[in-house]
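Lettered A, B, C and D in written order, each chain numbered from 1.
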């Protein structure tokens, strides 16, 4: 092997590709290895919501990086368009988190108060105001939290845009190359063994989503992650039914361009199966119809499933390997993979550059793992 | 135009293709013209049930030809396999028509009595016997009519098999050729004007399903037909859930090879739209789950819609044009298009050959149209 | 039928949808009827080149409207993004028209001189300059005409963006509705008979591409148009191979976003078949490989065919029906359908508004038809 | 883990599924684990030729098992139809191995003589006889070896039929379950660690095609196997062009049902990429057109690539692990995976049953590996 890379990335999902992009921008010689195709798994299955505020109930590091990452999208959109020609279809027309009962309304108002205290834009809409804003909504409805800054992108295009922009900046992206194992000495890795041979590098990033667990086991780092299947479907409506993303406690409905609505998502833990079941699809359809009755007349387009990496404490693993000092890890983004991709890519590039990383990052550190690590 | 054909068929669905096959077998020089692709419409959308007995409540000509056509399938299967290489996937493992209430049971028992009087094989199964035969059934269940002779085929393959067998016997099948109008004198047609020029023939067959109405209007024969959309979906199960076709008053479930189940069908009149709506799909899924609870764990495969030609009195139009003596018509098969294709093709060939056709055929005659015909 | 429309458009291709958009913008109540789906035919098959200058050898009306239409795209892009959310993927990175022999070079230089005389931007690049600009080009190469203003869009998205923007402005767009005939008196049409009933309107536009001929025959206006099939294919390359569109005398190669290249197109006259033949695909591949050798290592994505309406004199039919005064026609755009869609839509709206239309428009008038028209 | 299986099979390709079928038939409790979907890789990419005689130049064990396996197909067809409902589309209409030059003819005649000596049916056809049999052949043509017993099946259906028949006999088939590693003691394996937990078993079979190498490395058995990509395409012809399979030195053309022809295959070693390149597709098309000129007018259907496991000495690995006594291996079938699946499945079942296996099987033994094995 004559070529040696600055950074070898394992995983061609949105976080691997974002890292390839930011690393290439900072001048690194990057090799990205993907077992199947770019964006083959969760990254193309996501609805692409940038829901930084929608599920946060307490101040903390996840909220911090979520907001920071969300703020990166507008300039990223033009950058990626320039470097890759791909439009990531960023839309920031707000999100309504619906309360169907008084109890849910109480809960949302507390969340709102907390967010307002932190200076976040959000407000309460009563039933009348919600229906004025989104007249097509129906069913049980008490009010909604209005989050004007949240929005969405096309997750598959975002991933491809990162990959193509990285490639166009000099990165090498290889599809259909599987990483089998790592060659290492006591405290660092120097090469990966793959289905197409050995590649050596100075640093390594494991960003293989729900498939990271096996790779980290190869690196003596057992993590308590597990896959959670999410089923979704999309429809095309004759006219636009909604302008904001609608978020209830049992489904979300995201208005995409061209009168497409994406509805998600079930949560089926502990399976890598990408099959969509009748039970899952049927319940999603009935929940969506409750929230938005006119969706019953919409044209079904397709259904699919993605496998998201859940970590147990719902925080991603983002940081260095506790022992192998040139190995970085970025996985466990669960339902926030698209939202967190820009900040993940940027932090990975900062870490490789030896830059100081924000103090709140310690929350995502691999050091939080209780299990003793074997060398 | 140098070539002249014995018979020119308009429509590449199952009945046009069956006619092409039987005409070619009897030595005719056949041209079949299809506006899109062979089996593009209802013929590939059907579930392929051969339900001769399932919906018949009275003696009559439809029951006659249905039984006769059903009886043709076993030998047809080997013929078509030989001439086209295509297996039509004939399965004759019976059909259960389910009664969910006492009232439905009464109705079915009457139907049964009538059929037994005619010498048809059918029997009553009480709840216990039904569950012994099909243990996966669930929900409300009083009993079922067991129809051992009914079965199903793969309708798309049947259509292609007819078309390829006809071609291999010398017929010319042209896709993407649209018939605009007919050249005729007082009492006969001598040519069709199409998007690719004029073709002359000795006889003509209109077999364009729900699209026949416009063509017949061109031939001064207004028919009271209209399209009825049917939405369906299919799933793959891990293990076989049922062996018989299950038929309830709100859906049917057909067990295909490879653990595939086809579930149908909605009935949406007066539209040619092939879009599947969320409302339609969702209600089919919930009906299927009621009848067969384990389908909830099955893997969704795909959904689709087909447009069937309904005639008003639910009888097909099968016979000669009242005025234009060399024009035959075979349309309006509604939900029986697959079942009736063999007998339709054979009767068309007989009529072209000037053979006597069975007396009961008068029921399908175009002469039953009340509207005065304009020359 | 209680509703009456200001304008009823027949055809949901790019020109019908563009007309729906401009008419809706000017306040008209529009009904668009499409036999299949929006953008089902040539509009989604095109490569989307905006080649106003690439094939023009003489001053004339086609050159005039081509330039005018091309100039509309930049502002249209933002308008359509706003009204429909869809990005039409406009790229204006120029086009190189390649000369492979001295004779071709002579011809191109004459074309260039003519264009420069008219004030158009274009220049000659010798072999060295061409290779400096596009180092991946290969094979026979003498020089190229560089046309910096030409570019391309995503034609399917353009069509959907027009349709959705029109809908969002109030137009009614109906898919799967076929127009059978027109109800008219001596000098005007007042309704269309369709597969879903009768719709009445004040004005009518026939914009059905290669399928217009039959409709116009129904309106006693035989036109000398015929279909010309064009086969294309696309590939994905690892890195960008070219930045400009490459245009040779036997194929064109258009660089799309995400490292996709679209290669077209064969010309097979007098067929509506959308099948891609091995002969057509194989020759396109070999021509593309001659022009751009590295395309041999690119990954095949898909192939397709579209049916373009050719008129005989290569000018579109754009104007009023010679006798039926409230009938407009917009068809025969042949290989310029995407390029001319904005100006076509705008001129249709102007004509409906009774505005004066540019004098050069007489060249596209239906009055140029020699055949006597029957009432 | 409460359940323990008699045999755990790793790999849901045709050989894994065939083994599941024969093991289930012999009463074993089988678990089959597949990382993606059944028949996802080479098993659905193959053309399905049963070319036992077509490439054999010397007597030997591969020829023995090839003939034996070929002879199993006729009865297998009805068995699998009964147990799974799936028709494997067995066709035995012979194969012509074409000589384009005198030199090739000489070579084929030697092969023929050798085969005749062994009592195999095969004969020489001179040019005239070849063209009489297959009049559509063209290009350079000296003669052909006629192999009447060879034929083909539908490889994807064969694989699914094995899997469904096994399931219906009681086997458990799990898709989307990846085997990470094996739990073992000194001389046997007792469980597999997978992405969905641990499964314990009495015996284990590695049948993961080109992906077996990594798994066997986990079992301390490095094998000299490597992947070889094969690109193919299919077309639909209007009429049947050929009845026999045509085999030249640069491509093969297999006549499937419904007038489909499958053309293959390139050989690109050392890649797992399933992308089809323009270079590969283009050269296949041009070779096929040389051999069968009329294919130029056929309609392109699709193209695809499969990854076959090559072993170095072109013999499969079929036998027990040299050290771990309850581990069997069935991989490295290269271009003979479909042909050899029945005999492979049967031999695996025999080995698990402790039955004696034929003496010629030693040729496929893992003991032929020169490299020392580490415990």
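One rule holds in what follows: a residue touches a chain if its C-beta (ideal position, glycine included) is under 8 Å from a C-beta of that chain, and two chains touch if they have at least 3 such contacts.
Note that the coordinates shown come from a computational prediction; the quantities given were computed from them, not determined experimentally.
S.K.: Using the touch definition from the top, list the chains contacting both chain C and chain D.
M.R.: The shared contacts of chain C and chain D, listed by label, come to A, B.
S.K.: Can you name the chain that lies farthest from chain D, using the mean of each chain's Cα atoms as its centre?
M.R.: Centroid comparison gives C as the farthest chain from chain D.
S.K.: Would you kindly tell me how far, in whole Å, the mean C-alpha position of chain C lies from that of chain B?
M.R.: About 40 Å, centre to centre.
S.K.: Roughly how many whole angstrom separate the Cα centroids of chain A and chain B?
M.R.: It comes to 48 Å between the two C-alpha centres.
S.K.: Find every residue in chain C that makes contact with two or more other chains and list them.
M.R.: Counting only residues that touch two or more other chains, chain C contributes 275.
S.K.: Within their complex, state which residues of chain C touch chain A.
M.R.: Within the complex, chain C touches chain A at residues 84-87, 89, 91, 160-161, 164, 167-168, 173, 238-240, 256-259.
S.K.: If we count contacts the way the header does, which residues on chain B are in touch with chain C in the complex?
M.R.: Touching chain C: residues 175-178, 180, 195-196, 213-214, 217, 227, 270-275 of chain B.
S.K.: Any idea which chain B residues touch chain A in the complex?
M.R.: 235, 275-279, 281-282, 285-286, 288-289, 295-300, 303
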